[in-house]
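Heads up, the next two complexes both have chain A, just with different partners, chain B and then chain C.
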Partner chain A sequence: MLQQAFNGLVGGAFYALLALGLAVIFGMLNVVNFAHGACYMLGAFGAFVLLDSFGVNFWVALGLVPVVLGLAGVVVERLFIRRLTPLDPLYNFLFTFGLALILQDLVKRQYGVQSQPYPRPSQLTGSINLGLFEYPAYQVFVLVTSLVLCGGVWLVLTRTRVGMIVRAATERPELTRALGIDVARWVTPVFGFGIALAGFAGVLAAPMRAVNPLMGADLIITVFAVVVIGGLGSVFGSVTAGFLIGLVSALGNYYAPALSQTLVFILMAVVLLWRPAGLFGRPEEVL
Partner chain B sequence: MIISRLAGRPVLLAAGLVAAFVLPWSIYPPVAMDIACWALFAAAVDLLLGFTGLLSFGHAAFWGSAAYVSGLIALHTGLPFPVAVLGGALFAATLAAPIGYLSVRLRGIYFAMVTLAFAQMVYFIANQWRDLTGGENGLQGIPRELFGIDLSDPFFFYYAGLPFVLAGFLLAWRIVRSPFGRVLVSIRDNPARARALGYPVDRYKLLAFVLSAFLSGIAGGLFAISHGFASLQEVYWTTSGQAVIMVVLGGIGTLWGSAIGAALIVLLNDYLATAGFEEIGIVTGAIFIIVVLLFRVGIWGTARNLIAAHTRRREAATSPDPGAQPQQEDINTPAPQR
Partner chain C sequence: MLKVDRLSAWYGEARALREVSIQIDEGEIVTLVGRNGAGKTTLLRCLMGLHGGSYGNSYGKTSGTVSFLDADITRLGPHRRARRGLGYVPDDRGVYATLSVEENLLLPPAVGPDPWPMERVYETFPLLRERRRFPGTRLSGGEQQMLALARVLRTGARLLLCDEPTEGLSPLIVQQIGDILREVKSAGVTVLLIEQNVHFAATVADRHYLLAEGRIVESMDNEEVRAREHELLEYLGI
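Moving on, here comes the complex of A and B:
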């Protein structure tokens, strides 16, 4: 039972990292990035290719892949997404959807649909005694890293001047601009950062999840549900909902396996009925 | 100007009907049937996107569930296929009521995400309920007959199924042209004003959503029966996405454009599949991106703009009266408002 809860938190760590990236991108650019799942998948494949073809180990990949993906994200934002942001946000949703299709099928063409193996880093192969039960060291590492990262982003957002600008621009872009702050300057870095987070989550996932071209697509739709539950304008809500949903679906998997995959969506329906703006969202933003 | 417009309509309509009737002569009949089904599906999505301003990214739930239900009815009861198709469509409409109720209250992009999530839920249910849906094997061997007449020849089945598609298009066209449809357009353009005028906006949106799901259901049921097969692919998110691609390619808010978009995408998929190229997403995704970036009015919209520009130039040459300026109304359908 406790172990199930732990599994849930580890699963929730991925939801939280992806939801966090989605939330900051949405807040800053008003873009729902459908390709976020594809970026996560590219992160895992990036780690795989680096190890398989160049013998680059996990730790280097964990640093390198997110940076490369983040830079690619910056290029895409500059070239395409920027042109569509003045229009209805649906156009960027459609654009990133097309991009996701292309990325997914390009990887599929190269590597096929079967899962690629990726070993755990040698330092984290064993298990750790957590007092009540033994737990794989790698999973503990994933959970701790994700918590630290989300906490770090939270600190940056709440304690620094950059964070203050980003939060202000997220919540009231016009007003922030009116106060003489150059919002546009921060748009591209925030987008790159969101993509880098997805790539980071992908590299983290490589040793413990199946590395295949479809790994991101199914996950991202669940993350959409997570973000709707948490409240899409809210960074805090997205991360909290991520861990919460991970926990709930793991426990659901334990007590009612038949429901495990649909539970998230049932939860979403309940939240929509009760609080249409999500648990931490602002109603005027959504309705 | 007005006269040429009125004269143009029946000509276009007749051309469309002729094209629909000769289609199985010019291309492989099963592909013709696919085009007809996808055209109706895309038109149903366009009813929401183009005329109500709602981007549903979860219509696979309705197309796919109708495919399963129609298949199950035909498989287990032996009823003639029109009953199976209608049963599937009614099921889709029933499913759309709760999903729509929860979704239509949300604005633009949130609506898209929530419908997508609900469709994924339907996908997981279909995947898990193996006894009923056959899981990954799908529902196989769906029969195709009408009062003892064997319709297994796809050429004949095309003509048996075509009336449903045409009736669906007629219904969609009637909806768009009706006072109800005008209210939908006003909701698309300015929901706050529609609400201020006393229209129950959410109820209108919900009804549009259910009607659209019903049409998608007819298309999905026919599709399953024409293939004799219903699979998980039918409820997967790529199916929803494909319909949206067709609508955007044909032109949002044009209804007939959806048919053109559907025909092009189905033919392209068929061509790539026969050429042995399986990663179709690379091509459709690229086309889609180009359309979204450069031709947001789609094929039909572009054609309409060109014709309008041409007539405007002629008008300007013959009569300098400023009152003769053509109306802007539906020439360039605005993007769905949030």
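Moving on, here comes the complex of A and C:
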């Protein structure tokens, strides 16, 4: 039972990292990034290709892949998303959705649909005694890293001037410009950062999840449910809901395996009935 | 200080402002009076660069020119205008819920040659010091209005654009806002104020523009406003 809960938290670590990126992107750009799952998949494939073709190890990949993906995100934002933003929001939905399909199929064409092997880094192959049970060291590493990263982002958002600007621009973009802040200048780095987080989660996933072109698509549907449960655009809500959903689906898997796929969506429906803006969301203001 | 020349604005096909020309000199307090829908808020939004252009929504168009401190600012985006010394107090006060009172005050960058130190802000608005850790929207309506004013005053803005700061507030708070406006005027700050309360307007302002259906129809001084107070109130439907 406790071990199941721990599995859930580890799974939740991925939801949290992905939901965090989606939430900051949605907050700042008002864009639902359907390509987020594809970025996660590219993160895992990036690590795989680096190791397979260039012999670059996990730790270097963990630093390098998110940076490269983040920069690619910056280019995509500048070239496409920025130009589509003044139009109907549907254009950006379609764009990111199309981009996800293209990325997925490009990878599929190159590597097929079968899963690629990725070994655990040698430092983290054993297991750790957590008192009540033994647990794989790598999974512990994933959980701790995710918690530290989410906590770090939380500190930046709540304690720094950059975080203050992001919060202000998320809440009232137009007013924030009228108060002398160049919101457009912050949009690009925030988008790049969200993408980098997805890439980071992808690299983390490579040694413990199946590395295949559909890994992101499988995960992202749950992540959307996580973001909705946490409250659209709420960073704190997304992270909390990420771990919560991880826990719920792992326990569901254990006690009611038949239900486990739908459990997340039942939970989403219940939360939305109870709090239509999500657990930590604020109701949309009437204009 | 501010010169608006034949400014027109559209919402799609509907014209909200028709060739508005006004001028405000340094150190003046000028009010914009007019019925609901006359175009007062649109005029302020145009001055702030929030209507049309690459900002705002795509169907808002403008024509005409706006110059501030002898520079043409017609093509500048909102944040550039703010950095030149325009301080905006929106009609809904624009207090951020996700920022504390102190963060609300610190958000806009200092712009003028003479920004206020926080100490001076808190001396002028002691209530804000007490509540500085509160989320912005936990304040009462009057306190939020004070916060919105204090926020732009702190930056050292040279011209305040205030969209009906007294709306819906108690007479006591309206009086306090009047005191603050007179105080900042004596410090050399210029104010363009939307105001429906013509009695209050005549006590704080130097001049008044009457806006009707997107046009400036009259320019009045205080004596004229006092003499015609009843007529104006009736016209404004108050």
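Definition applied: the second predicted complex is superposed on the first by the 284 of 287 C-alpha atoms of A that agree within 3 Å, B and C clash if a C-alpha of one lies under 4 Å from a C-alpha of the other, contacts with A are read in each partner's own complex, and residues count from 1 in each chain.
FYI, a residue touches a chain if its C-beta (ideal position, glycine included) is under 8 Å from a C-beta of that chain, and two chains touch if they have at least 3 such contacts.
Computed from a predicted structure; not experimentally measured.
When the shared chain is aligned, no partner comes close enough to touch A:Tyr111: not chain B, not chain C. Of the two partners chain B and chain C, it is B that touches the larger number of chain A residues.
Of the two partner chains, neither chain B nor chain C is touched by A:Trp154.
Of the two partner chains, chain B is the only one that A:Phe224 touches; chain C does not reach it. When both complexes are overlaid on chain A, the residue A:Leu232 reaches chain B alone and has no touch with chain C. In the superposition on chain A, no contact is made by A:Tyr254 with either chain B or chain C.
In the overlay built on the shared chain, the residue A:Arg177 is in contact with chain C alone; chain B does not reach it. Comparing the two complexes, residues 87 of chain A contact chain B in one case and chain C in the other.
Residues 48-50, 54-58, 77-79, 81-83, 88, 90, 94, 96-99, 103, 106-109, 111, 151-152, 155 of chain C touch chain A in their complex.
The part of chain B that touches chain A in the complex is made up of residues 55, 57, 98, 102-103, 105-110, 112-114, 116-118, 120-121, 124-125, 127-128, 237-238, 241, 244-245, 248, 278-282, 284-286, 288-289, 292-293, 296, 335-338. Here chain A touches chain C in the complex through residues 86-87, 164-165, 167-168, 170-172, 174-183, 282, going by the rule given at the top.
By the touch criterion given at the top, residues 32, 80, 83-84, 87-91, 93-95, 97-102, 104-106, 108-109, 217-218, 221-222, 224-225, 227-228, 232, 258, 261-262, 265-266, 268-269, 272-273, 276, 286-287 of chain A touch chain B in their complex.
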